[in-house]
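In the two complexes that follow, chain A is the common piece, with chain B as its partner first and chain C second.
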Partner chain A sequence: MPTRFTATGWGALLFCLMIGSAWAEVVVVVSVQNPVETLSRAELSDIYLGRLNRLPNGASVVPIDQREGTSTRGEFYKKYLGITPAQVKAHWSRLIFTGRGQPPRSVPGDDAVADVVAEAPNAIGYLDPGPGLVDDRLRVVTVE
Partner chain B sequence: MGDGGTVIGHWLHRLVAPPVLFTGIALLFLAVIWGTTLNLVAREHASAERTAAALAADVANTYEAQVVRALREIDTTLKMIRYNLGDAPAQEVLDELRHQELLPPELLFTASVTDARGDVIASTHPASEANQNYFPLARKEDDMVVGQTQRSEGGAERQLSFGRRIESAAGQVEGIVVVSVDAGYFVSGYDSGVLGDQGVLGLVGTDGVFRIRRTGDEVSTGGIIDYDSLVASNDIDNAPATVRHNTWDGIRRYTIARKLYDFPLAIVVGLSEAERLAPVARKERTYFWRAGTASALLIAVMALLGRLSWQLHKARARVLEERVAHAREVEYLAYHDNLTGLPNRALFSRLLSQGMQYARRYEKRMALLFLDLDRFKVINDSLGHDAGDELLQEMGRRLCEATRESDVVARLGGDEFVIILPEIIEGTQVAPVAEKVLAAVGRPFMLAGQEFRVTVSIGIALFPEDGEDEQTLTKNADIAMYHAKEEGKNNFQFYSEKLNTDSLERLTLESSMRRALVNQEFRLFYQSKQDMITGRITGMEALLRWQHPDLGLIPPMQFIPLAEENSLIVPIGRWVLHTACRQNVAWQKEGFPALSMAVNLSMRQFLDEHLIKDIKDALQETGMAPELLELEITESMIMHDMQRTIGILHELKKMGVRIAIDDFGTGYSSLSKLKEFPLDTIKIDSSFIGDIARCAEDRSLTEAIIELGKSLSLIVVAEGVESEEQVDYLRAHSCDQFQGFYINKPMPAAEFAAAVRKQRRGEANSGSSPGQPDSH
Partner chain C sequence: MTRWEIVFLSALLVPAAVVEAQVEDSPTLSIQGFGTFGVVHSDEDQADFVSNLFAPKGAGHSDDWSAHVDSRLGLQLTANLSPRLTSVVQAVSEQRYDGSYEPSIEWANVMFEVTPALSVRLGRMMQPSFMTSEYRKVGYAIPWIRPPEEVYRMVPVTNFDGIDVNYRSRFGDYTHTLRGSYGRKDAKVAGGGEVKSRDTMLLTNTLERGAATLFASYGRYRLTIEDLNPLFDAFQQFGPEGEAIADRYDVDDKRFEIINVGVRYDPGEWFVMGEWARSDSRTFIGDSRGWYVTGGYRLGDVTPYVTLARVRVDGETSHPGISMVGLPPPLAAQADGLNAALNGLLGNVAQQKSLSLGARWDFARNLALKAQYDHIDLDSGSPGTLVNTQPGFDPGGTVNLFSLALDFVY
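Right after this comes the complex of A and B.
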């Protein structure tokens, strides 16, 4: 499909740019079966803070978090949501206590994220794209 | 009833008086404004308090439910872990449970298992530190125990652990299942929107130790409080919160502390009183501010109205004052003489009658002085009315100075003044006052650049003896004054009954004198003058008599002074002049020789400005030859105003009239001045002639006068000659002519004509020796 190709091509380009940089860049990924290609920062933030469970196109979305203490997790929240892990904890603490939400399911690391997202078309996750992690199963979502 | 009505009316009147009315309205409005404001504030305050208390209760209910649910979840987790232990190693059990998502979110919660000694043998967070303060209690307690909050090493986390013991079938403690959570979890529901910055949420153990407490963003642990006093008294469900002073931070809050069912914990919820009441306090301030503004405005408006009303009141008062002042002025003018400022006749009359009433009641005496300036008419006529006015003003001042404050000085009009002396004891007390007045008036003063002296005649009447009513007293004082005039002026006279009689006569004369001219009651008598040598009649002197219808013939002495006073002398003198001239002309026509006719001029006549014209008229109308008319004036008349006299005399001389000085020797003529007067004749006063035989002094004076006359080329006439002896003496001393009883007395025209004819016949018949008088 031309669209698929185009999307993959864009993802590959972005990937190459990331590799080229000195820092390991955390990226947001979805299953290739998921049509989402771009998300706004606000949408991503809402999804991870439990305020949004459907994408703009109407499809449901399930965020996958990483375990507390991993460097990728800290990097992700800082880069995309602009908040610290302590703030994330306080946020969920209040939602859980008041019974208005549950935090995203968390998995041990980047590999686990890649596996879980690849298998669930409605899942969204983040990872530090180490060698071979972002393969045919996953697509990097552009966050604007 | 009437009294009550008046009193009520009086009060009503007082109430509507502007100051009272405006103050009253202002107070009423102020009362309404502040009453409403205070009521409103009280209600708002109460309402805010109720709302705060109810809100605190609501928050407490919600919080209680949330805490209980969270604790149940934790307890359920504990029980579930404990249940699954035994078959497999503890760590595997935990991992399996986690995999099955049966454990609470590991983001917050840590689940662990210890052995009987308390060492951790399995955990969802292996690296996490063991917190064992729950341990001793957990070993003993059958139920879930709550540990103390413990800070992690980094300090960011406050771990609170909940534990349940694991028992063997034999009841042996084999270990503890533990769930730890950040204590902040229990206060994460703190909502600033509801609780504000000073509210409180907290969990306190039944041991009185705060496991966690949050106020605003500040989270703390570990404070110890008196659990019983905080919780026990606040047990009732849904009861509104009460304001309490929170001992841990000293803030007053609507506080609810409630023990949780089944757990050794109590919740504490508090809403800061200051914060909850801040909006209402702001509102109250607004209300007070508005009320204050309204009050100030009201007071300002009322003050303005009050001021306006006051000004109106003042303006009215001023108008009233002006009216009163005007009325006073009018009254003053009505009762005062506007020239001198003294009381006028009307006020005098009132004061006199008042004084008399007073004197009558207290049996006092009083005196009335009636004053009339002497010679005022002369001054007024000769210097003009302005000078006369000035004189009167000066006199008014002097009279006031000469009397006491309590005496009344009034001007009745013209030159008449009166003085009332109230409260005298003796009539003699009046004399010094009168003398003082005479002296004060008699002082010289300057008028129109000349020094003048005026005198006054004073008549005094005493109350009650000289008159018991106003009119009588005034009239009698007037009579006394006339008497003073008769006594030579410049003196004072007391009234007496006799004066009254004289005065009555005088009054009769005065009133009838006016009629006399019209009724032709005046007569002229003629007395001849004879030549000393030839004895021939050379002329006659016309003498005035009054043939009164009731009183008979009245001599001039009795009515001439009166005529001088009331100015009738001028028309009378004019009549005399005309009559004398007409008679003379008649006799000439009858064939009499050219006899001269002497006519006396009075002072008033002489000073009258129409004198010259009157004489001219008389001469023209009668056709009398001027040289036959001889005008007789007295020495004192000449000396009164010499310049003027010389002027008049020259005028007369121009007309050809002859001039004689009457009564020469009695006045004080300056002999050196005498030659300046254009005179023709001097007449020696009869007083010298009468004693000429006996008194050497009179003889020498007579001789001197004759000498003087001769040296001035004047004709010298002797008056009042009564004997042959006198005639001889005078002839011996070269006196020219004489007149007197020796030859004839004054007689009516017919008799006089007869006498003349007789003499002429005698002359014609005998050619007898001249100088022989008719036999008497």
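Right after this comes the complex of A and C.
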């Protein structure tokens, strides 16, 4: 009896961990009207650092950022670009104060990203896919 | 509203945007700023350490701990007047040639995007001579407290007035930026005088791929320092010998050239970068060769870094001057004075090597605290990059600096 309980307990724990980690995975999304299905890490990095405003297929792309200081933003830059928020800030300081660019527009939270990206066929965003967030308006982009 | 912003943004990036919606052409204005509050201590009290060659006061002789070396405040207005027209005005307050902190206009230009790849700027811009030149004053954006003097001092003037054309292309994962500038600049020097640069031409080439950057630049100026003309005019009066000296060392519409190459690799957790530059001119300024190598490792919010740098001059740092043999005593005395003045200029060139150890701490959003120790080894007979040398100064020794700086952007 105790053994079975433990097994169930572990199973439940494992299940929770899987769900938990799945929720914690920040994903990159585009509108379903956008044909993009995969992006290389380098392309995604260049898009978010202002070095690339067209996709390999020639279509324009506009990155949507999340507000500074949020955990989703921190995780996105760490996971996909390998840099800290301070490094992102230093990067944009180099462009802003030389008149070479302004950082991507930021919106407050995952819901806002979902709404904005769903409406704009050339936008790209990232979000922590909570229940119902990635609906039939959005497609998760595979980043390789 | 956000949705319209997106549409507007798309229109801005690609005039023939896929987005169908029509949006009003609403211009945007943003105000951003940066600054550094820094203090420097030098153990050499008979000369000043400065980060700007034109500044009159620094650390060492003028102040034991000086806040004048690295402190500055910058404010920038960026106006997106239309999707293809951007204007930037940036004012910076820092120690000027006259010791005041009166703000000067560092940038003031209008940029027109002819195509997404080609842009033209008119007005005042920073000189892109070195890899980090354009943002050398934004402490938050650079790894050190200040760019290594051994290289960056070769072009102490930061901006110019003129035109610049920027062409950016992309092939595969490579981004290539070619830039050409043409303009002029007058820079006032501490203690009076002015350096005039005319027909300033700069070509820079940047190749980026992911974490790697390769930079190369060539600059050509016509330099004039009018305040030195009386000295060299006096040399001219001593016949062919004096004329030859004046022709070799004066700075009167003389060509000054500089080339620089730089590399940077910054995959995220660590970085290395380095630059090498050489300047050439037929003036007393001397043909400098400088380089530095910097590396750092990011441990969470703390980034320790180390820099090695060297600058030396090719050619003579002294000259026998006008031969006084057979000159009548009054003329000989005058020649002696001129020779001393010439050797004063020639011997004053910067030759040194340095080792710097520092750390940057990103302790809060938009704020970074840096501490840096510099050990400078002056070449024999040279004051190095030190200025304001006093009679008691002994060239060729070592100097230790300790600096603290708080960098911010807002």
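In the analysis below, the second predicted complex is superposed on the first by the 121 of 144 C-alpha atoms of A that agree within 3 Å, B and C clash if a C-alpha of one lies under 4 Å from a C-alpha of the other, contacts with A are read in each partner's own complex, and residues count from 1 in each chain.
To be clear about the criterion, a contact is a pair of C-beta atoms (placed from the backbone, for glycine too) under 8 Å apart; a residue touches a chain by one contact, two chains touch by 3 or more.
Everything numeric here is computed off the predicted structure, so don't read it as measured data.
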item	value
Which of chain B and chain C A:57 touches, first, second, both or neither	neither
Partner chain in contact with A:105 - chain B first, chain C second, else both or neither	both
Chain touching more of chain A, residue-wise (chain B, chain C)	C
Chain B versus chain C as contact partner of A:86, first or second or both or neither	both
Partner chain(s) touched by A:96 [first = chain B, second = chain C, both, neither]	both
Footprint overlap on chain A, comparing chain B with chain C	68, 86, 89-90, 93-94, 96-99, 102, 105
Contacting residues of chain C [partner chain A, same complex]	2-3, 5-7, 9-10, 13-14, 17-19, 30, 32, 34, 74, 76, 78, 86, 88, 90, 107, 109, 111, 116, 121, 125-126, 134-135, 138, 140-141, 170, 173, 175, 208-210, 267-269, 298, 301, 362, 365-366, 368, 409
Chain A residues within the chain C interface of the complex	40, 42-43, 45-46, 51-54, 59-60, 62, 64, 68-69, 81-87, 89-90, 93-94, 96-99, 102, 105, 107, 112, 115-116, 119-123
Complex contact set, residues of chain B against chain A	66, 69-70, 101, 104-108, 156, 182, 184-186, 188-189
Contact footprint of chain B on chain A as seen in their complex	65, 67-68, 86, 88-90, 92-94, 96-99, 102-103, 105-106
